[in-house]
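Just below is one structure, and these are the notes that go with it.
Lettered A, B, C and D in written order, each chain numbered from 1.
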Amino acid sequence: MSTIAFVGLGIMGSPMAVHLQQAGHEVRGHNRSPAKTGPLVEAGGTACGSAVEAVEGADVVCLMLPDGPDVEDVLLGDGQVLEHSRPGSLVVDFSTIRPDVARRMADEARDRGLRMLDAPVSGGEAGARNATLSIMVGGEAEDVETARPLLEVVGRTVVHVGPSGAGQTVKAANQLIVAGHLQVLAEAVALLEGYDVELGPALDVLGGGLAGSAVLEQKRGNMTERRFDPGFRVELHDKDLGIVTGAAREADVVLPVGGLLAQLMTSAVVNGDGRLDHSALLRGALRLNGRL
Amino acid sequence: MSTIAFVGLGIMGSPMAVHLQQAGHEVRGHNRSPAKTGPLVEAGGTACGSAVEAVEGADVVCLMLPDGPDVEDVLLGDGQVLEHSRPGSLVVDFSTIRPDVARRMADEARDRGLRMLDAPVSGGEAGARNATLSIMVGGEAEDVETARPLLEVVGRTVVHVGPSGAGQTVKAANQLIVAGHLQVLAEAVALLEGYDVELGPALDVLGGGLAGSAVLEQKRGNMTERRFDPGFRVELHDKDLGIVTGAAREADVVLPVGGLLAQLMTSAVVNGDGRLDHSALLRGALRLNGRL
Amino acid sequence: MSTIAFVGLGIMGSPMAVHLQQAGHEVRGHNRSPAKTGPLVEAGGTACGSAVEAVEGADVVCLMLPDGPDVEDVLLGDGQVLEHSRPGSLVVDFSTIRPDVARRMADEARDRGLRMLDAPVSGGEAGARNATLSIMVGGEAEDVETARPLLEVVGRTVVHVGPSGAGQTVKAANQLIVAGHLQVLAEAVALLEGYDVELGPALDVLGGGLAGSAVLEQKRGNMTERRFDPGFRVELHDKDLGIVTGAAREADVVLPVGGLLAQLMTSAVVNGDGRLDHSALLRGALRLNGRL
Amino acid sequence: MSTIAFVGLGIMGSPMAVHLQQAGHEVRGHNRSPAKTGPLVEAGGTACGSAVEAVEGADVVCLMLPDGPDVEDVLLGDGQVLEHSRPGSLVVDFSTIRPDVARRMADEARDRGLRMLDAPVSGGEAGARNATLSIMVGGEAEDVETARPLLEVVGRTVVHVGPSGAGQTVKAANQLIVAGHLQVLAEAVALLEGYDVELGPALDVLGGGLAGSAVLEQKRGNMTERRFDPGFRVELHDKDLGIVTGAAREADVVLPVGGLLAQLMTSAVVNGDGRLDHSALLRGALRLNGRL
């Protein structure tokens, strides 16, 4: 059993830390707003006043933070995690951040004798609560094998997809594809309704052929019933598309449709749909169509 | 058993007509270039020198033509099919055309005492040869039931999706969605390769989650191996996206991503990829990325 | 002095016909809804009950109609203008239609021993009233010279831009460019206001450099004051972008930004801005930005 | 006369520093690669081994650096300029960076008792050499007046457009608009050539009406002759569109066409056109059209 520092105990991080504690590890948790440490403490873990305090004596340091600058701040800035971590310990970053930043963080960790994995997850709040997350891991194969028992405590699918940054790149690709699937489904709905076609039988046919997708299957209900309780929130997907377009620009990758999707997702946010499920891209499509 | 006129014996129409003849119907086929009537005649059908000749004595008139203007020409123009069809007979248009044109044709048919269904198919050449097409049918429920036995000779899935034009609208929605799925997959591939991530494990993960789709499953091989033998050809998908954008404009439906997809598909055609499988949208993405 | 048939006496056609009559020509006008012939008759012209009647004895046949199908109907369909026009007479089509249709009409005219020019105009209602239109003419140089004295009665600038269809192509290019200039100006305004920058001094600087344009000069007032009385209406510009994208598709021309502009213009129409000046694209931009 | 530190003596900064020295000021220049200090030293200025050394005794600190991170590094990072500048002195940043970063830098300067202006320029290398730049200035009116005599040494037009960051916002708006004008002109050229219309007369007509622009006037030669020697380079415009889209995202501004323009400009870079004039967007348009 390991001693695990866990920094970032929000909606995702809190249940993940609790699962690790319940699996028999000793989890030392830290969160900027300390109120969030409750569930971990209840489960037997320790609340720490700072990231530095949390990493004391830890073999493994887990992060689950909102964005790249937060990760950078915790590791290299005020958080001082890399400086204070035990040599040889393993840093596992569950946050979704830009792949180029992930690579840079891994380099910084290595320079200090640490090992690092980028391990962004998909599956949302439900996946975190039920420990059914999918985890896309980038880093050294050996380190992935070291981490695997821990990762399998919080996730159901753990795949090593390549060297440092690869986990984040696959996550970015995932968010790009899902946004695209949601948007073309929304536009298809606009077209069908524009010709007064009943959605039910139409989506049945579409789902059974080459147009079929997990998005169509899982989100058609949201779209036909215009119910958009999350699920995965528009504002988070918007942040992720910022990562997609930023990462693309960093590596000189051209994403013509991806660029447009990022604009449409931001439009959903600024039109007040940020806290709805991302299938609320349909609302944006209807807005452009003068039907909302 | 019925007497069936079948106008349009191309790659799709020819095997469909043969299936109908083999199922015991009497098929009277016509094709602009008469050479194509060979397989039908071999199967015991009749080759007719004109559409008018074909519809003589027919209970059912089937069309499988390249585009809307062809359908209009056969029904109302030189082909004179509506004028010469037996009152009460049923016209089944398998062609993929604009839904507003399909509605208008159905109105014209009704004005002449005929009944009409729009019945575009998906499943491609293989589906036509193996009689495994999916057929999206628009029209009166009663007429659909009349036609069902015939439709089930050529297709595996037959779904009545609404009134006249609805079949074409669903087909248009299908082509919009499929184009979108192909394009975002292509962009995701460009992003993954831009960060040197190996496609195999990445696409495995993506396919298992919310990014999963029939396109990813069926076309990932084309994309990873850069092999684009059709399948469904870019030039046909481009024609279909012309239908999508034209139909959208006709009904004042706004398709921001759809409009861009239509441009990218045409770009594939004019860059010489028209006869490749539509997964060759990847080649367009790579071209924009300076990697082809 | 000539005898001129003028078909299409709407907002644009009526003052043009009047100018020709006032210049000493004998104008025989026809309009589908006969009420519109008033101003021409007051000016001394003749109201005709049909297009066929109008072309009787005419040396020149002018058309000013809403769209390509109207032109086709008047020339070849119910209007029967080509059939009844005097051999050798000159057809001048002022309508804005697709260049490929213009070419086809010119071929049809030539087949019947007539000559034809496509002569779309820019300058709007004010230009028609004040005879200050710009006229982009496609056709044979000789025919342009024959028509020039008449064209200069209704327009200030008359330019022969190439063979049949070229006038329409240049008009389409014009509408594409103007839409693009309006849209990027609207987006620039959204960006400036998003950073609380006062528009006045900002647009002064922008107008003085490489970002300067006639659109910025003439439409900045509409945008800063949010006043959108036309001017040139969104719904007409939307129709013209349908011509642009249709003509592009016909000739396999790829317009990535043009395709998106067409969607945004339609969005303005379906959001109720169709009768406003096309600078109301700003309203669409603000809508996407959640600020309307 | 002032003592001026000038950090960043590249293609733009070097002639600007020389102009200031020649106008009677004492210029202390620093550049990361010291070779570039030659022209300033020849003109009588002083070459300094570090930014800290350059700001010694300076009343005014000028920066002309490639991008925001460089500015941040010189002011707050290794460069330590804010820390070592004389209290009350004025920092003038000529670099083109994100407006939100400019605001933050100005806040940092103010916190240390310094005053700061963002003063990005347009007019390119020629403008820098001939001291004919346009300068868009953000900051306090009083500080702008203090700086004006210096600014007028290097530029012809100096406009105060608002508070800190406003100069950068206007510059971003400028680059957005210019990119849009170049792209729609390129698409219009593709359309005209797709219909075999001669560009010369067509662009004459277009330039005389509502489609007229400085871009059309100044760049039509590049487009008709396919000669793309810079001018302003694609790679710089691409960097600037990164600023535009980054700034838009930071302030939740939606730029549908702007997002697409940024992708197309990056596509030009990765297709090898980065060092050409930005009118080489035409090459991208032709590439998409299969005509390059």
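Everything that follows uses one rule, which is that a contact is a pair of C-beta atoms (placed from the backbone, for glycine too) under 8 Å apart; a residue touches a chain by one contact, two chains touch by 3 or more.
As the structure is a prediction and not an experimental result, all values here were calculated from the model.
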Identity of the chain that, by mean CA position, is farthest from subunit A: C
Subunit A-subunit B contact: same residues or different, taking over half shared as same? same
So how far apart, in whole Å, are subunit A and subunit C when each is placed at the average of its C-alpha atoms? 51
In whole angstrom, what separates the CA-based centres of subunit A and subunit B? 39
Centre-to-centre distance between subunit C and subunit B (centres being mean Cα positions), rounded to whole Å: 36
Counting only residues that touch at least 2 other chains, which ones in subunit B make the list? 252-256, 258, 260, 263-264, 267, 270, 288-289
Which of the residues in subunit A end up touching subunit D in this complex? 242, 245-246, 249, 252-256, 258-260, 262-264, 266-267, 269-270
For subunit B, which residues count as touching subunit D in their complex? 256, 260, 263, 267, 270-272, 287-291
Going by the contact rule set out above, which residues of subunit B touch subunit A in the complex? 99, 122-123, 134, 136, 157, 159-163, 165-166, 169-170, 172-174, 176-181, 183-185, 187-188, 190-192, 194-198, 201-202, 204-206, 208-216, 218, 244, 247-248, 251-258, 260-261, 264, 285, 288-289
